[in-house]
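Can you read through this structure? Questions will come right after.
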Amino acid sequence: MLDLLWLIPALPLAGFLVLLFAGEKLGKSGVAWVGAGSVGISALIAGLLKWTFLTSPPEGHHFTQALWTWLDVGAFKPEIALYLDPLSLVMTLVVTGVGFLIHLYSVGYMHDDEDYSRFFACMNLFVFAMLILVLADNLLLLYVGWEGVGLCSYLLIGFWYKDPANCKAAQKAFIVTRVGDTAMALGFFLLVTQLGTLQVQDLLERAATRWEPGSGMALATALLLLGGAVGKSGQLPLQTWLPDAMAGPTPVSALIHAATMVTAGVYLIARTYVIYTLAPAAMAAVAVVGALTLLIAGLAAFAQSDIKRVLAYSTISQIGYMFLALGVGAWSAAMFHFMTHAFFKALLFLAAGSVIYALHHEQNIFKMGGIRKQLPLTYRTFLIGASSLAAIPFITSGFYSKDAILYQAFTSEHGHFLLWLAGALGALMTSAYTFRMVFIAFFGEPKTHVHHKPGWVMNFPLLALAFLSTVGGFIELPHFMGHAQFFADFMAPSFAHAAGHAAEAHHGAGLEIGLMVVAMALGLGGIAAAYVLFLAKPEIIEEKMKSEGNRKLHAFLFSGLGFDKLYDTLFVNPYCWIARVNKRDIVDLGYSFLAAVGMLVHFLLGLTVTGRVRWYAAGIAAGCLILMSVMVFT
Amino acid sequence: MILVWLILIPLVGGVVAGFVGSRNVSACRWISLVALALDAALAIGMISQHLGGFQYESSKVWFEEFRASWIPVLGISVHLGLDGLSSLMVLLTLFLGIIGVGASWSEIQERAGFFHFNFLWIIAGVLGVFLALDLFLFFFFWEIMLVPMYFLIGIWGHENRQYAAVKFFIFTQASGLLMLLSILALVFVHRAGTGTLTFDYSELLGTQMLPAVATWIMLGFFIAFTVKLPAFPFHPWLPDAHTEAPTAGSIVLAGILLKTGAYGLLRFTVPLFPEAARSFAPVAMTLGVIGIIYAALMAFSQSDLKRLVAYTSVSHMGFVLLGIYSFNEFALQGVVMQMICHGLSAGAQFMLVGALYERIHTRDMGKMGGLWTTAPAFGVAGMFFAMASLGLPGLGNFIAEFLILVGSFQASVPATTIAALGLVGATVYSLWFMRGAFFGPNERGWTIVDLNARELVLIAAFVIGLVWLGVYPQPVLNAVAPVVQSLEKMTQPVTAALLRS
Amino acid sequence: MTEAQFVALSPLILVGLAALVVMLAASFKRSNGLALGLTLAGFAASLVSLAWAAKVAPVQVTPLILIDRLALFYLGLVFLTGAAVALLGHGYFEKRAGYRDEFYMLLLMATLGAGVLVATTHFAALFIGLELLTISLYALVGYTRTEPRSLEAGLKYLVLATVSTSFLLFGVALLYAELGTMEFGKMVDLIRQGGHRETLVNGAIALVGIGIGFKLALVPLHMWTPDVYEGAPAPVTAFVATVSKGAMTAVLLRLYLLVGGAIPDSVMTLLSVIAILSMFVGNLLALLQDNVKRILAYSSIAHLGYLLVAFIAGGNFAPEAVTYYLIAYMATSLGTFGMVSVISGREREAEELRDYAGLFWRRPFEAGVFAAMLMSLAGIPLTAGFIGKFYLLAAGVDMGAWVLLGSVVINSALGLFYYLRIVASMYAAETSAKPGAAAREVALLGSATLAALALCLIWLGVFPAGLITLIRSAVLGV
Amino acid sequence: MTSVPMDHGLLLAGLLFAVGLAGVLVRRNILYVLMSLEIMMNSAALAFVVAGARWSQPDGQIVFIFIVTVAAAEVAVGLALVYQMFKRMKTLDADAASLMRG
């Protein structure tokens, strides 16, 4: 059964090729069937493999399917091979599962778009690239998926290419992620030079033997890989591209910029966790990056007026939590939060998509208002998603995953109080801005008229995701609520090495409960604050906004804390300026200057040829004089 | 004897096409196509004999050899030889030759006979360069391929073709003469050492000479090949030559003529002067890195499509220079891959831009924009080759650049990091290429005919080539392995093989 | 005059005889074809007689003339070039009014003068040969009297040539006063022994150098070349550019072989400076010229600069390099100026670059030959010029004359620029055809010679081995 | 009779040569230029005679005769050219004949 593994990525690829070459001929329904169908079947196979994994796990809890040798240069022999273990299985499940739902949703959402087949072709290509990334046996193949995903996000962000702003956003996304990829590539070169292979398992085992903990090489590699992860997952300092990426259609934002691609960085660090355990400084760096990003993104989300940008910043913030978890060594907690986040964030995006679809592409929450009554289903599913994001205790999956992270941040060996504090503050901000969005968008009097209500094809995915984002949390309960740690046990084999170090230091249930209570209080407090400020007494905000200082602060937050302006002044403008100034290529001017000198000398010499006989005779006489003097006197 | 036929067929084909062309235009196209196809068949037949099944008997250094005396008085002989590296180059040359003829099917109408005469003589000259094993013969072919290229650019080029053609000719010719001086110096040093006057490559290989002398002689070779490569300070001729050349000219110029520079470095500069090359490595690598970054910046600043693609070639060739002077197996394998993949991707991009020029009669990106709407097939092809040129994994260029950077990482880490920035630069100019031509609103309301069958076949050939090299490059790596290993052994001390520690 | 001496001298005698016969024939019946026939017969006879003379080989005919293998080789070269010029002249003058027979007579006289120059080992004979060549050239340059520029060129050449000859004479006089002999061999031995007033001898050598330098148009003495080449009718320019320079190079070569390597380095540096200056001045002045004949004039100055490099470099390659380069240069100059004469129209010569616009498409054969000739001047492979330049560089590298070689490289780049400028105008779009400039009817004979020249050029470029062995036997056999 | 030392003769020839050269450079009329040329040729001839006398060999005088005959031939052709020039350009100014320059 397991050797059906290669079908999972092959199907979306086949879908892409069919749509690319025969897209127009298939007609809308044909395209929908091929597009959504291929991902659906992959999801089924993934489910089957999950079932076989649970019932009769292969020995050593991993299964490698080698297809062919890719390169053979000296000692370096990477193969095109797919590697399945709990970590990659979870990722595959999420990618194909959520992916299928989003494909289904976009059948309805994109129905009246003329480039229908191109959309599904790119979406299928994206799923293929993401699966390759997740199932890659060695980092070189992972890099293929990594760049493929980057390309697809470029294609899909710039899907409506007629609007120059979209093209700019797509270009920005690709270039910023490419900066991160270059750092990662450097990490690969270091690995190939030092350890001679990029095959993940050999890599980790050789690293463990050759490098003692805290060695410079481990630190350098870890930081370089972190560079790549930061680029792709939109963390500090390379997070500026994610908010602009909302220029793409909403299903794209849901699939790529919420559920799957942006978590590729988390997967990379999780996959190469041994290197990070060997370099504690690097883990600390990961944690700090996570903490800072979640705070910055949280602040920025407050000032956004576009519903999708609020969700984008919240995505950055939630991935910040995952980085925080990875930083403190809570590998399975990070992956657990990844899974739950994929569910509720996809749900939020799709629901927002329905709202936008209904209000004829109106994305500004201040122009929405009062959708509660007009779109009851969308409102309810949006509310479930929002509560899961805000981590409403006990009933939402978000609560369990975020709580696990906060607990680990506090108690684990690499954890630190400040990290926990940042996480807690983040929780407060998250619930506040989430419910700000809910109150402004769904409550109050309706401003724009609802055109046409989304069909069942768009509602079913919303329901499915709503179910998942509530039930999803129950498979991993905190210790004191019974020992249901299915997820952690399932993930254990992937992090075999780490199991030895992070022994579960039981600080007793008391501490755990205490921390949970604090987290709950912050969450609910956030919701209350949002209620007061944005629904009950909105005039407080108007009054505050009068003062110049606040308005400037609001603009600063709106621009994502000024990172865009910073990078423009530091990198983009100088680069463009040099390009504009040097269009004529200085070196070329140098050569033309030489030619000009030649022409000048030609002109000067020309003057000596006057055409008069006596002048020529004078020339001979002068020549004779010089010759005589040289010959006689030397 | 096959090697001589390999060069003779295009020569004769050219002459025949030239005569027939004046009377019947379409006939001469078919003649040149047939000539090249015949040549390609011959080459493939011969090479597959030796490289069949992708194993190679590494017993003989040269698969095929031909020797005849030419000027015995001066020790000059017609000595042709074929090994792994040159067989790949021969195949690339013939492949791009056929594509070139295909691409110029509708573009060249007036004086087609003379066009195909020149075109086939360029191919013959380049084949001669790749096969020559006698330094005089190498220089002979090195200069021969210039004259028809000059006529190609000068007669069928675009607006200021005279300037570009003369500039191309003088740059290459002057540096060629420097190389002639180095060849003569090498020959006379060899004669002083061993008393025999000969220009034969294998005999000149082991000449002993003082390091200072070796450096000066090596410099002559280096300058000639880096002008042709083109590397940083000597590159200004390329953008002009490319912008003004007709499509077939650009394809051949980018696809093969640039590779003669890299081939020269691999075949002559490094093996003939290993120590001098080793001591010169830092300078060469710096030039390579500057070339990558500077050309990427310049590519981004261009508004003329062809100049943009020309500068991208300079940037890619910067990688080649960096790879050659890292002297380890990774980098050298990467260099050979880059030579082939860049030949394909740059050739394809030039063909596309040529086809575009045929339709909208401008290369200025300012006047384009939004072509995807009227010509989606064009857009997809443009996107594919833009991705190839920025080194998207899964295509040949990525394998090449990855191997080069891994190799150069072992030689010098700072150079590699800066070169890696070149990858970001590559992304910037590739996306600029796409946004300039295909994306954005269609302000000028272009309605152009999409790619026709002939062009699609050519593009398919390129796509298959690049994907095959990206997914299964092993045959190429096996073919070149003996040459690369011998090169690495020659310059052994440099690598200090961190890998093996 | 022993019988052997008579046989040795037969080539020169036959040419002189031919001149007389042409003169007498002109008085009976003036016809272009007849005069040409007689001239060619004369040249053919002398070429055949060379074979006989070769059997007798080194014969010292009176202290003035030494007929050795070197002399015979150069005599052959001079006579062949003379014949070619005669053929070109026929086509050129056929189209024009005016007397034609005198051209052949003067041509034969000039070639005889050059022949004497080539075979001389005595300054007196050198003087006679030089004057015979130069005076007949005065008339030849000013031959088309109706054309003011031709007259002006003739006069200029007369005044300047006479000035330089008198310098030469005065130098020889001083040498004779000091050494007591005018034989090259004896003089070289006496100077090598020393014991004379150094300043006087050096000064005298400088004066003689001026005389020789004028004829080779080296830098300080080059100013006459552009005007004379432009003014003179095209076939005559071909003659001046090839035979007069070739003969003087033969004299220089003979002196070089006698002196051997013992040239003081102060003289060497002087010669180097002159060579480099000639190259640069020649090439730089030709860059933006519009008159094809002036471009070729300046390029010939530069080429003599390259030739001098071979002399200065010295070493065992030098004589071969000089001879091969000279042959290549002579063949190419004949070709280029021959092309100008073939293309020229009835009233006006095809001098302007405009006249050549679109020539590739109007007359592909001539344009192709002209392009090949220009490529040979530029030193592009497949042509004799390339092998010549290769030899030159070989001689230079052999003796390590890096400064000279560097300037040769730079100058060949400069040279490329204006050669390609002519080629570019030839294949440029065809502008409106000028009446009269490019004649419709093609001088068949002229084209035939050009075809022969082009073929020989390509042959020497691709298979030089034969000629090299011939040169080696001639030059080293001395 | 006391023989005149050779150097004096050579000096005289040198002076004559200089005069001739100056004549060529300074005079504008073409006829005077031709005359100066004659002076230069004869000064060289004189030097030869003096040299021949010193070495008491006939060579000097033989070359003298050569020079005289050549000079005559040269003048003949020169005058012919000057006549044609006068017919065409109606002037004897040497600088007028400078149609070709640059």
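Here the chain labels run A, B, C and D in written order, and each chain numbers its own residues starting at 1.
Assume a residue touches a chain if its C-beta (ideal position, glycine included) is under 8 Å from a C-beta of that chain, and two chains touch if they have at least 3 such contacts.
Given the structure is predicted, the values throughout are model-derived calculations rather than measurements.
Visitor: Check A-D against A-B and say which one is joined by more contacting C-beta pairs.
Guide: Top pair by contacting C-beta pairs is A-B.
Visitor: Please work out the Cα centroid separation of subunit A and subunit D, and write it as a whole number of Å.
Guide: Here subunit A and subunit D have centroids separated by 97 Å.
Visitor: In angstrom, rounded to a whole number, how far apart do the mean CA points of subunit A and subunit B lie?
Guide: Roughly 38 Å, centre to centre.
Visitor: Could you tell me the distance, in whole angstrom, between the mean C-alpha positions of subunit C and subunit D?
Guide: About 26 Å, centre to centre.
Visitor: Taking the mean of the CA coordinates per chain, how far is subunit B from subunit C in Å?
Guide: Result: the chain centres lie 43 Å from each other.
Visitor: Return the residues of subunit A touching two or more other chains; collapse runs of consecutive numbers into ranges.
Guide: 606, 609, 611, 613, 617
Visitor: Mark out which residues of subunit C touch at least two other chains, giving numbers and ranges.
Guide: If we look for residues of subunit C contacting two or more partner chains, we find 155-156, 159, 163, 226-227.
Visitor: Among all the chains shown, which pairs meet the touch rule set out at the top?
Guide: A-B, A-C, A-D, B-C, C-D
Visitor: With touch defined as at the start, can you tell me which subunit B residues reach subunit A in the complex?
Guide: 232-233, 235-236, 239, 297-298, 300-303, 329-330, 333, 370, 372-373, 376, 380, 383, 387, 392-394, 398-399, 402-403, 405-406, 409-410, 416-417, 420-421, 423-424, 427-428, 431, 435, 438-442, 471-474, 477, 498-499
Visitor: Under the definition above, what is the set of subunit D residues touching subunit A in their complex?
Guide: 21, 24-26, 28, 33, 94-95, 97-102
Visitor: How about subunit C: which of its residues touch subunit B in the complex?
Guide: Listed in rising order, the residues are 361, 375, 378-382, 386, 390, 393-394, 397-398, 405, 408-410, 412-413, 416-417, 420-421, 423-424, 427-428, 463-465, 468-469, 472.
Visitor: Per the contact definition, I'd like the list of subunit D residues that touch subunit C in the complex.
Guide: 6, 10, 13-14, 17, 20-21, 24, 30, 33-34, 37, 40-41, 43-45, 47-48, 50-52, 54-55, 57, 59-60, 62-63, 66-67, 70, 73-74, 77-78, 81-82, 84-85, 88-89, 94, 97-102
Visitor: Residues of subunit B touching subunit C in their complex?
Guide: Spelled out, the residues of subunit B in touch with subunit C are 70-74, 111, 136, 139-140, 143-144, 146-147, 150-151, 154-155, 162, 165-166, 169-170, 173-174, 177-178, 180-181, 184-185, 188.
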